[in-house]
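Same chain, two partners: chain A is paired with chain B first, then with chain C.
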Partner chain A sequence: MSTTTTRDTTRPAPAEVPRAGRRRRVRSSTLNFWIFTGPFLAGLVIFVYIPIGWSAYLSFFEARYTVTPDKFIGFDNYELMLTSGDFTGSLVTFTVFAAIIVPVTWALSLGLALMVHRLRFLKAFFRSVFFLPTACSFVAASLIWKMSIFSGVRFGLMNTVLGWFGVENTAWLADPNPPWYWLVIVTVRLWLQAGFYMILFLAALQNIPPVLYEAAAIDGARPGWQTFRHITLPQLRATSTAVILLLLVAAYQAFDEFFNLLAKSTWGRPPLVELYYTALGEDQDYGAGSAGAVILTLLICMVTLLQGRFLGFGKGDDAR
Partner chain B sequence: MSAPSSSTWDRRSVLRAAAGLAALGPLASCGGNTGREGGGSSGKGLVQYFHAYGEAGTQEAIKRYAKAYDKARVTTQWITGNNFESKLFSSLLTDNAPDVFEFHPQLQLIKSGQVAPLDDILGPVKDDFNPADITSHTVDGKVYGVRMIDDPQFFFYRKSILEKAGVGVPQTLDELAEAAGRLTTDKVKGLFIGNNMVSTNYALVWAAGADQLDDKNEIAYHTDDVAAALKVYRKMFTSGHLLLDAPADYWDPSALVQGLTAIQWCGMWAMPVMQKALGDDLGIFPFPAAASGAEPAVYNGGWSMFVNAKGKNVDLAKEYVKWLWIDQKKYQEDWALSYGFHIPPRQSIAASATELKSGLPAEGVKLFTDYGRFDNISWTQAMITALDEVIANAVRKGTDPEKALDTADAKVNRELKKLFG
Partner chain C sequence: MTTVRPLRARRGVLGSAGLYFATVVCALLFLVPFYLIVRNALSTDAEITGENWKWFPTDVQWGNVTELFDDATVPFGRSLWNSAVVGVLHTVGTLLVCSLAGYGLARIPYRHANKIFYAVLVTLMVPAAVTFVPSFVLVSSLGWVSSLQGLIVPGLFSGFTCFLFRQYFLGFPRELEEAARVDGLGYWGAYWRVVVPNSLNFFAAIATITFISGWNAFLWPLVIGQDQESWTVQVALSSYMTNQTVNFHLIFMATAVSILPLVLVFLFLQRWLVQGVAQTGIKG
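Presenting the complex of A and B:
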């Protein structure tokens, strides 16, 4: 017997009908809420929150070759990560990498978008051609860059081209002085991702109302730099902000090209690569690796809060 | 019809709930492909891990041996890429860990109870093994791991190129550096010691009269002679006489075969391919002495079979290792001699190996016995990485060798403290 039937006898019928209906609707929408979000939340808890919690737990233990340690060592892992220089060095590496790759990709993808936007013929063709590298995997591209384009032998593509001008063979990746490896790392990422951001800019460019350009022309703005500086660029502000944030996130997640291009080095290791070597790679020190991950998580939280304050991203429409 | 329609458990919501559960289904099946083919009717399954050998036919050979075993279905994971250690170590922590795997003797695997002692299966044939191969796998009187192959590593050179340049076989590290310079032309580099230059680490330390660790398991590699040898390396690195960033690394014979270099550090395994390509235009010599009074050095690497002590079928895994790597001498001989050249650790097999009895292979065996030194089981992966970083810092980056060695000391001491207290 269901509860509704008992209630029917105790309460006046006319008032009860709509109320019971609403209650049922509320209850079933609650159920719907859990049905729809439940699997996702369960996944989030199982695959994100429990690992984060476990990682925090591991960071206080000596966890080598095990993820179920029993030797509590307090803040030793944190001390090691912060004083050994490898981890702090990796933060510097990331900063250098982001400082190069973010503005360069931004400028190149915007430049490509502007050029493709002005095309009268073959627009779709060039759009596709520039976008295609996005479909290539970072690992495959890294190997092509390493073994054929920036190979250190005399028949490597770059060395062949430079050889025509009498330049000696360069070991692009082996020798960190001068740091040519940055050229290899930056160009491979540039080739892979510029096309994607070009599409974002292209969409934004097509959304700028033509009347703005007409009005500017009537007001005497010269076509070219002046129009670009005062009409196009301000109109692209929202897209630019989004692109810069996406680029920062992508730069932070960079792993494949560093891992595949630089082996057995002590330089050119952003935080994720460094932590991979510490925890999952050959060292298998899950305690120290987790301590690094916790420090990194705290840093990301701080940066996210700060960018929310300065860029106003995530605050809602009234912020801009 | 009356009561159910007013309950929350009506037909629709039950269906919805069922659909929700069904949506969770795929999550549960994540990671279902373990490479294990389940129990089945034909008995239990075992999983074995091998790194990808470069020689043609090796993968087929390992799978052929496994198939011939009739007490269990053995699945082979052939791990490609240059980070076999990482993949092995991280998989050992999971439920999909291999039951048997090939690796090198390393103390931390034993201290953490990861590998099982194999005295019971090795006992009867212990005397047939090269004594050094037993010593390098022994901790506190127990033997862990069955050696499959011994792989001496030394220098290979093109006789014709050295003759043409009037360069003799280098007897000291300084002579090697000088030879590299004189052999370098605009087409050919003088010397190839690997793209990362870490594969000669042990030989460099030994040839400088030092060792990784001493008898008391304390640091022994940090000497003035090692620092001086590192300076010679740095000089070679900056002079442009070394082949760097080659498409294939030191373990592959192609740099020498394709004429990219005159001298290459490589292993005995590549000898058949080199001989086939170069004929008689091929010679070998050990890592030359790098300090006065020191001996030349050859690194006797190799691979051994280990049993995962935390696996589900430890006894069956032991049975399999005994069957293949102790009982089946035909397969052991095939594995050591039919693809690349390796020195069989079983003396009875080595004695009948006609391929290694004459010519260049015999010279390789002589270097193996005269100058070869084996792995030190107390020298573990974290220490290997620390010494690799010395090369990265002191040779490639240009840090002062003393400082680079100090950095390594801190890491090695941390590891030693954890292993020995």
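Presenting the complex of A and C:
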């Protein structure tokens, strides 16, 4: 921040505070604490804690079309979700999706960052170009992908370009065999997110001390792959790890592009889309939907705790 | 030495030519979707779906703009208005509520402050999107479905934003606040007269990020927007994709209009946006 402070070096020694005064001070700071944090904490309880609790409660009831059910059915909702195949299938879809999107986005955003970092002229311009898709929503991007680039008919951009080389029209989204829809889904997210992560890598690249490269050059490391492999990549480790985790969590929440690109097709449904159709579709089965939400919440909590274990994050105050 | 140098130099020139070539190719690929939006938004349907690919419309169809807002099947103008209201109130509300809480947690001594901070941290483990079913259950029993408060209020209490503010305030120079205290200001006065005015950069960065994610949000507005009057622009856009009749020029004009405000935000506030990304991205 651009604040300059005139530091007062002669800090006054803490005066002797009489007992009553100190107690009043404590009480006033307690009051202030609640004035500052009260609204937020109340909202957090009402809109985060209560829904999760209520949902855990609903998940043990038969709750179709109602959120105040009276028929207790034990773990039936969980059994339904875990054995129906649709929900477990959505977890498989997520796994496939994450296995593709995470490494590909990581590689592309790192590649873009390395490229932009080396530019001497127009650096800011190209950085903006790659970053610009961040301003675009998933819905808008899905629309362009579905209606224009990967439109299954003759005038779609992809089919037009392929047509110049004599390739037949491809139904990119309408047909799961072969699963071309993955190409559409992955490129949409890649386009939207690569610039965002590029910014993170650029910041990290700027923080690598140039001395390291000089030392490597003296030691005879050739510029290019050797320096990249032994200097740049290890220096980016913290950022890389953070980027991969962020990508994973984002993929877990993927909804917009699947919902809009695949509409109501029964293939390629990630967990949140599956939940949407369970809880808010024809059946309005809030019980099963809640059970699904509880399962997803537990899964992501487990992942977060494990990652904290392995990476030493989440140690409260020193978490940064 | 003398024989090596020209070789090096030549390789340098070739290398940077290659670098610029690759960068330009990538940049063009990244711009293709924007080009398609503009091209399709200003063409007629006949040209978009025509036999031969046309790179530019023969006649630029500015009339598509008025046609979009006159079209009665999707209340696009209304949805744009809703998005603007939601975007602004969401941003102002989040900043207000979360920054105050962040400051309280960072600076005001209280016996149970640590426990409360952990209760906030726990919520960071669960992304809000994952619990949209429970949130919908709550909001619907409050009777807030299809209402602006239903769209805005549940999103204001972001544990992550509060966490960011707390971390930021921990690094705020204490001397400034002490000076304010000497001048007789309490926590409240010091916060508004000294802390906030000296933190405008950070506020701007968080505000930019919050506004963009609010404008682009889709899942929650979709769940809440059960009737057309309460649609945000993203829900309206999405509805075009499932409509029976497809008017390509209208759909793309709608996309163009929906993106325009954010492109402006992007161009004018990019400095804060980059800061915000760096700030929010690496949370560790």
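Here is the rule we go by: the second predicted complex is superposed on the first by the 297 of 320 C-alpha atoms of A that agree within 3 Å, B and C clash if a C-alpha of one lies under 4 Å from a C-alpha of the other, contacts with A are read in each partner's own complex, and residues count from 1 in each chain.
The rule is simple: a contact is a pair of C-beta atoms (placed from the backbone, for glycine too) under 8 Å apart; a residue touches a chain by one contact, two chains touch by 3 or more.
Predicted model only: the values in this text are computed from it and were never measured.
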Name the contact category of A:L306: first (chain B only), second (chain C only), both, or neither.
neither
Using the superposition on chain A described above, determine whether A:S290 touches chain B (first), chain C (second), both, or neither.
second
Could you look at A:L44 and tell me whether it touches chain B, chain C, both or neither (first, second, both, neither)?
second
Under the stated touch criterion, which partner chain does A:W172 make contact with: chain B (first), chain C (second), both, or neither?
first
Which holds for A:T266: it touches chain B only (first), chain C only (second), both, or neither?
first
With the two structures laid over each other on chain A, which partner does A:E282 touch: chain B (first), chain C (second), both, or neither?
first
Classify the contacts of A:V92 with the two partner chains as first (chain B alone), second (chain C alone), both, or neither.
neither
Quick check for you: in the superposed arrangement, does A:A215 touch first (chain B), second (chain C), both or neither?
neither
Is chain A touched at more residues by chain B or by chain C?
C
Once chain A of both complexes is superposed, is A:R118 in touch with chain B (first), chain C (second), both, or neither?
second
Under the contact rule defined above, give the chain A residues that sit at the interface with chain B and also at the interface with chain C.
1-2, 5, 28, 32, 35, 39, 43, 67, 146-148, 153-154, 263, 280
In their complex, what parts of chain B are in touch with chain A?
3-4, 6-8, 13, 16-17, 19-20, 23-24, 27, 82-83, 85-86, 89-90, 92-93, 108-109, 112, 114, 186-187, 195-196, 198, 237, 240, 243-247, 260, 381-382, 384-385, 388-389, 391-393, 396-398, 410, 418
Applying the document's contact rule, which stretches of chain A touch chain B when the two form their complex?
1-2, 4-5, 20, 24, 27-28, 31-32, 35, 38-39, 42-43, 62, 64-67, 84, 146-148, 150-154, 156, 168-169, 171-177, 263-267, 277, 280-285
For the complex, which residues does chain C have touching chain A?
16, 19-20, 22-23, 26-27, 30-34, 36-37, 40, 48-51, 53, 97-98, 100-101, 103-105, 108-111, 113-114, 116-121, 123, 125-138, 140-141, 153-154, 156-157, 159, 162, 167, 173, 175-176, 178-179, 186-188, 191, 198-199, 201-202, 212, 215-216, 218-219, 222-223, 234, 237-238, 240-242, 246, 248, 251-252, 255, 258-259, 262-263, 265-266, 270, 273-274, 277-278, 281-284
Can you list the chain A residues touching chain C in their complex?
1-3, 5, 7-8, 26, 28-30, 32-33, 35-37, 39-41, 43-44, 46-52, 54-55, 58, 67-68, 112, 115-116, 118-120, 126, 128-149, 153-155, 157, 160, 191, 195-197, 199-200, 203, 239, 242-243, 246, 249, 252-253, 255-256, 259-260, 263, 272, 275-276, 279-280, 286, 289-290, 292-293, 296-297, 300-301, 304-305, 313-314, 316, 319-320
